[in-house]
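The two complexes that follow have subunit A in common; it is paired with subunit B in the first and with subunit C in the second.
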Partner chain A sequence: MSVSVETRVFRAPPWLKRHETVLAIILIIALVGLGLMNDRFLTLDNLLDQGRFITETGLIALPMTFIIITGGIDLSVGAIVGLCAIILGHSWKTFGFPLPLAIAFALFVGALAGFVNGFVITRVKVPPLIMTIATLALYRGLAEGVSQAHSVRGYPEWFYFLGQGSVFGVPAQLLLLIVLIVIAGVVLDRTTFGRTLYAIGANETAARFSALPVDRVKLIVYTLSGLASGLAAWVLVSRVTTTRMDMGTGYELDVIAAVVLGGASIFGGSGTIWGTVIGLAMIQLLKNGLALTGVKGDATIVVIGVALILSVLVASSLERRQD
Partner chain B sequence: MTAAAITTAASARGAAFRRLIGQEALLAVAIIVLAIVVGFINPRFLATRNLSDILLGNAYIAIAAVGMSMVIISGNIDISVGALIGVLATVSGSLAVAGVPVIVAWLAALVIGVAVMAAQGAVIAYLRIPSIVVTLGMLSILKGGLISVTGGRWITDLPQNFHLADLSVFGAPMPVIIMVLATVLAALWMRHSPRGRAIYATGGNPEAARLCGVNPRRTVLMVFALHGFFAGLASLVYATQLRVIQSNTPQGLELTIITAAVVGGVSILGGVGTVVGSTLAAILIAEITSALVFINVSPYWTDALRGALILATVIADILRRQRRAAQGWKR
Partner chain C sequence: MRARLLLSAMFGALLASAAMTAANAAARWDGADDLPTNPLACGAGGAAAPVAAKPYNGGRAINPPDKAGKEITIVDVPKLIGIGYFNATTKGQQEAAKELGNVKVTTDGPTEAKIDEQIKFIDNYITRGVDGILFAANDPVAIAPVLKKALSKGIHVVGYDADAEPDAREWFVNQTEFNGFAKAMIDSMHKEIGDDGAFAIVTSTFTTPNQARWIAEMQAYAEKCYPKMKWLETVEAQEDNNLSFNQATTLINKYGDKLKGIFGMTSVATPAAAEAVTKAGLCGKVAVVGGATPNAMKPYVHSGCVKSFVLWNPIDLGYAAVYVMRAVVDGKLKPGDTSVDAGRLGKLNVINGSQILLGPAFVFTKDNVDKFDF
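So, the complex of A and B:
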């Protein structure tokens, strides 16, 4: 009873109760805390550097937000990154494509891989979880088969700009990510397409009866997911200067954790780009902060796993209380 | 049980039986035909040594697929099992090296396997978090935890009596005995016991199951605990075959196990399937992998083939269901 008395005395403004606001506050506290623990952490150089590492998963997290809002999931993104990296490297080195054409071809293959996911999910009605587990195996297998475990290196100098260059001191790929974040945010919030995603996630049958193009919209978001994974592969290869068949392994964990941490419901119907961006920042800062305080890389994925489960637990218990 | 529940269970059993005879017979025929075709191209494939290698080296996948089949039939999924098998292998290996009696080292794998999976099952069943989120999180916890605890060191100097898989009874090697026993007992239990039937009921329609007196939540918890037991058993067969236990399992192990369950006729929509099918499918997948080597296809194509196989089976399963549903409406 005492709880209800307190809420009558102090009623928090609605914006303060939003998941994103809470997350942003936690993020700021974490930033300050990690900054106090390590004086290398809260420097502009370090934070901009983290922008480089965030881009690959960030690019994929944008369409993943769309997909999770519709109530779907895409586990094949990491495998598509691997496949596109291999296609990029081998179509250039082995098949002798000019490099710009090889990049375009890799992006096309990424979009095609996503399209195949979306096509089977919408036409054959295979559940997204199962479809993308199957294509996770298939696309990673294709990357292994095409590459035969050979890596590709020795790209021309200009190719490294996207992954290593800077524009006015800001990492090039971070600018790309920021532009796409703004576009994705506007599309989700201000267009019919974006609102359709929420309608599908909230009640797919109702969306169909409202004459919304449910299948077409789903097909588009899965294709976008594949395309973004191809883009991530390009940025990744350019950053690390080499192409290997195991690239992107485990990306699905980082991406899904970021989206779910950012407040998107895994059951569909809710989620925002801004939340996802904060989720991404939290995961990267967690990784970086832990690394700077001496925790090894493998232990940080333990923390991400815990964060993923806890954030879903907290979100679902909050939802239940509201009901 | 009410009369309605009994009728439903009986008709479901009949339908499942008719359907699965098909899938299981198909798999058995595929195993034999593949052996004959590849043997024709390269007779060395049919050497006793090679065939027993295929069976012994992959028995643990079939054992783990028994538990995975139950999980999928109950309408869930688990992608943490590959990492769990790695953790359990390392735990029981370390215990054995530390001088603990081997029986205790073996039991530890089973007990920890059940504990980890039951914990996940409890979160999935009672807190209603989707199994994909829980097991994806657990996958990274187990994988990252294992590497950071062991530091990637290998476990060597295992005591001689640790190697359970090297034993044989009446000439039958232990991995095959465990695989056959696990499959047959699980298949009989799932077909004939009320708790076994409850798994199908829960996966087919949790709400209907609840109305028939089945507790879907407790069933899911039970399924995950059993899955943990089979994962423990699989890790034992896997670890005790090795002379050196590394801190990583074969890449994509969980995918191979899921593939075995799905190709074996377990419907990914839940409610249908048997573990006899999943065991036959595990053998078929192992046979295909080995056959590729004998017909000079690069082993790097194995994973792509596995992916194509799971995709084709899933699509065929869904199309078949849709056709049946359409026929039902016409009648």
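So, the complex of A and C:
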């Protein structure tokens, strides 16, 4: 005779197994841990301050999420930041534009740079990786050429408000970022445009044959990426009060790390704005918390690398269990 | 159609402006800043025309806690860590800290000479709460907001090696008079390449404050004393060893026989330029002059590739910086003072309002390079 015993298997609710939730939990654990080790870390002052540093990478990470969801990539964002910063400074100082016009012109140049990327990627069918590596060098070279390596300084006081001012205690650029995060999140989740991005990433050919405007959508996201880089350049110049030709070097890696950490698959088809935000926060707050705790210099990067690997491992093992 | 017209007009404007800025730049050597220059007299032993004493133009720490005589913790954030020059300044700082007994100083900074990273390092230390910050700036304007934030929180700020805007720090320890260094460099190069030799410059970046000042003074002095010496080009090498070597090699290949000398403006660029000249087999035909630490240059001096190089003692520079910080905290160095006591270095004078002068530049040659170990 056999006795069958019914065992209760614990099934985790679906939202718990999502990559973003795991990441959020790891982030909270890390924050609490670092906060215990150092009493300056979890102060409102410090967190808002870190918000300032997050903004430049954050602004670019939003359209980068869109691009990575479509299965593409944009490595030229750092160079576009440099180019727009130079255009902002030099069109004001050397060409004599009034400063608001110079800012608008810099944003326009950023959007144009992104448009060129998107145009060649969609019309000439050059793979995004190759095109943006090429434009990375091209735009950086343009920045060098226009600026002749001279930096521009001496902006009027009102210009510094975006990078250094606060509204009701919240840093001005952080407010801008929050507004854009909400808009980007709504667009990705609730609009046809957003669904099209996922469709392109999942299966581009199927999307084309479903009469989705694939080329137009791709063109739009690359232009947005350039525009966001221009915006980031404006915030950066306002924060450091000067324009340098080497601004933005290395930004592309920080941005892509945040997006991929946030759960977007590099092959396209998945990813959320919420995940990107957690990824951003995690990298910046870990760096800051570790530095405050006394971990010297670049040792913080080692710890962050380990944290990234751990979180990706945990998330992917959870996904496998789900299958 | 209209869009295309607009686009081409835009590109045309961009190119025109590039040409305009290029034309403007030709008037001034690349890498030089816009501040007024004061070249010394030509020939041996030229002393500067005395400059009128300037009023104090530094910033003030706001309501700093009174720590006169008590132990203080200070942090040193140089341009980058991991190169011989800043290892030497750190050594001097530790020496001074040990002598004073009530100073704890740590050196922490980015591994690349990037201003954005340096700003984040300083910001973190402001949050951690230190009593004083020593710095060597990668960019004098970009670093100003974060230093002013430190001053507003009552943290004392003293610079060395590379200055920030004067109102962003309290004092700046200047290793040598800019025009004295420029004179020593140009005179050494002139001795090797003659009245109408052509030279190129390898610097860190065009906006790094000390290099920019030196190049401006070098231009003024060369135009005054050796107007026929030709400046070919300045290239950037970001204090990176490989990049400096590649840039120097590119210069050699680009100008061929026309190039008679290379200036290395950083302690990384000079030995890299010497290595490039050695590898190209042009020792003795292309002169290399620059700022560099003795240990890095000993092999090239002994092989005859480099006849002389100019520097000061970076160990003394770090040592003086800590003594200045201690004097500021103790209230012994106030705006308007004309000198400060710096331990074994004796009394150092205040110049240019809020700069403390370490001393004259020193020329190293085959005869004296072995006496030094840093």
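One rule holds for everything that comes next: the second predicted complex is superposed on the first by the 285 of 323 C-alpha atoms of A that agree within 3 Å, B and C clash if a C-alpha of one lies under 4 Å from a C-alpha of the other, contacts with A are read in each partner's own complex, and residues count from 1 in each chain.
Here is the rule we go by: a residue touches a chain if its C-beta (ideal position, glycine included) is under 8 Å from a C-beta of that chain, and two chains touch if they have at least 3 such contacts.
For clarity, every value in this text was computed on a predicted model and none was experimentally measured.
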{"item": "First (subunit B), second (subunit C), both or neither touched by A:V240", "value": "second"}
{"item": "Which of subunit B and subunit C A:V260 touches, first, second, both or neither", "value": "first"}
{"item": "Which superposed partner A:V124 touches (first subunit B, second subunit C, both, neither)", "value": "first"}
{"item": "Which of subunit B and subunit C A:V312 touches, first, second, both or neither", "value": "first"}
{"item": "Partner chain in contact with A:H19 - subunit B first, subunit C second, else both or neither", "value": "neither"}
{"item": "Contacts of A:Q148 with subunit B and subunit C, given as first, second, both or neither", "value": "both"}
{"item": "First (subunit B), second (subunit C), both or neither touched by A:Q164", "value": "second"}
{"item": "First, second, both or neither for A:K218, with subunit B first and subunit C second", "value": "neither"}
{"item": "Per-residue touch tally on subunit A - higher for subunit B or for subunit C", "value": "B"}
{"item": "Touching partner for A:T135 - first (subunit B), second (subunit C), both, neither", "value": "first"}
{"item": "Subunit A residues contacted in one complex by subunit B, in the other by subunit C", "value": "142, 145, 147-149, 296, 298"}
{"item": "In the complex, subunit C residues that touch subunit A", "value": "10, 13-14, 17-18, 20-22, 24-25, 30-31, 81, 108-111, 114-116, 119-121, 123-124, 127-129, 139, 141-142, 144-145, 205-207, 236"}
{"item": "Contact footprint of subunit A on subunit B as seen in their complex", "value": "77, 79, 123, 127-130, 132-134, 136-141, 143-145, 147-148, 252, 255, 258-259, 262, 268-269, 298, 300-308, 310-311, 314-315, 318-319, 322"}
{"item": "Complex interface listing, subunit A residues touching subunit C", "value": "38, 40, 45-46, 49, 53, 90-91, 94-95, 112, 142, 145-151, 153, 164, 239-242, 244, 246-247, 249, 287-288, 291-292, 296-298"}
{"item": "Contacting residues of subunit A [partner subunit B, same complex]", "value": "73, 75, 120, 124-127, 129-131, 133-142, 144-145, 147-149, 250, 252-253, 256-257, 260, 266-267, 296, 298-302, 304-306, 308-309, 312-313, 316-317"}
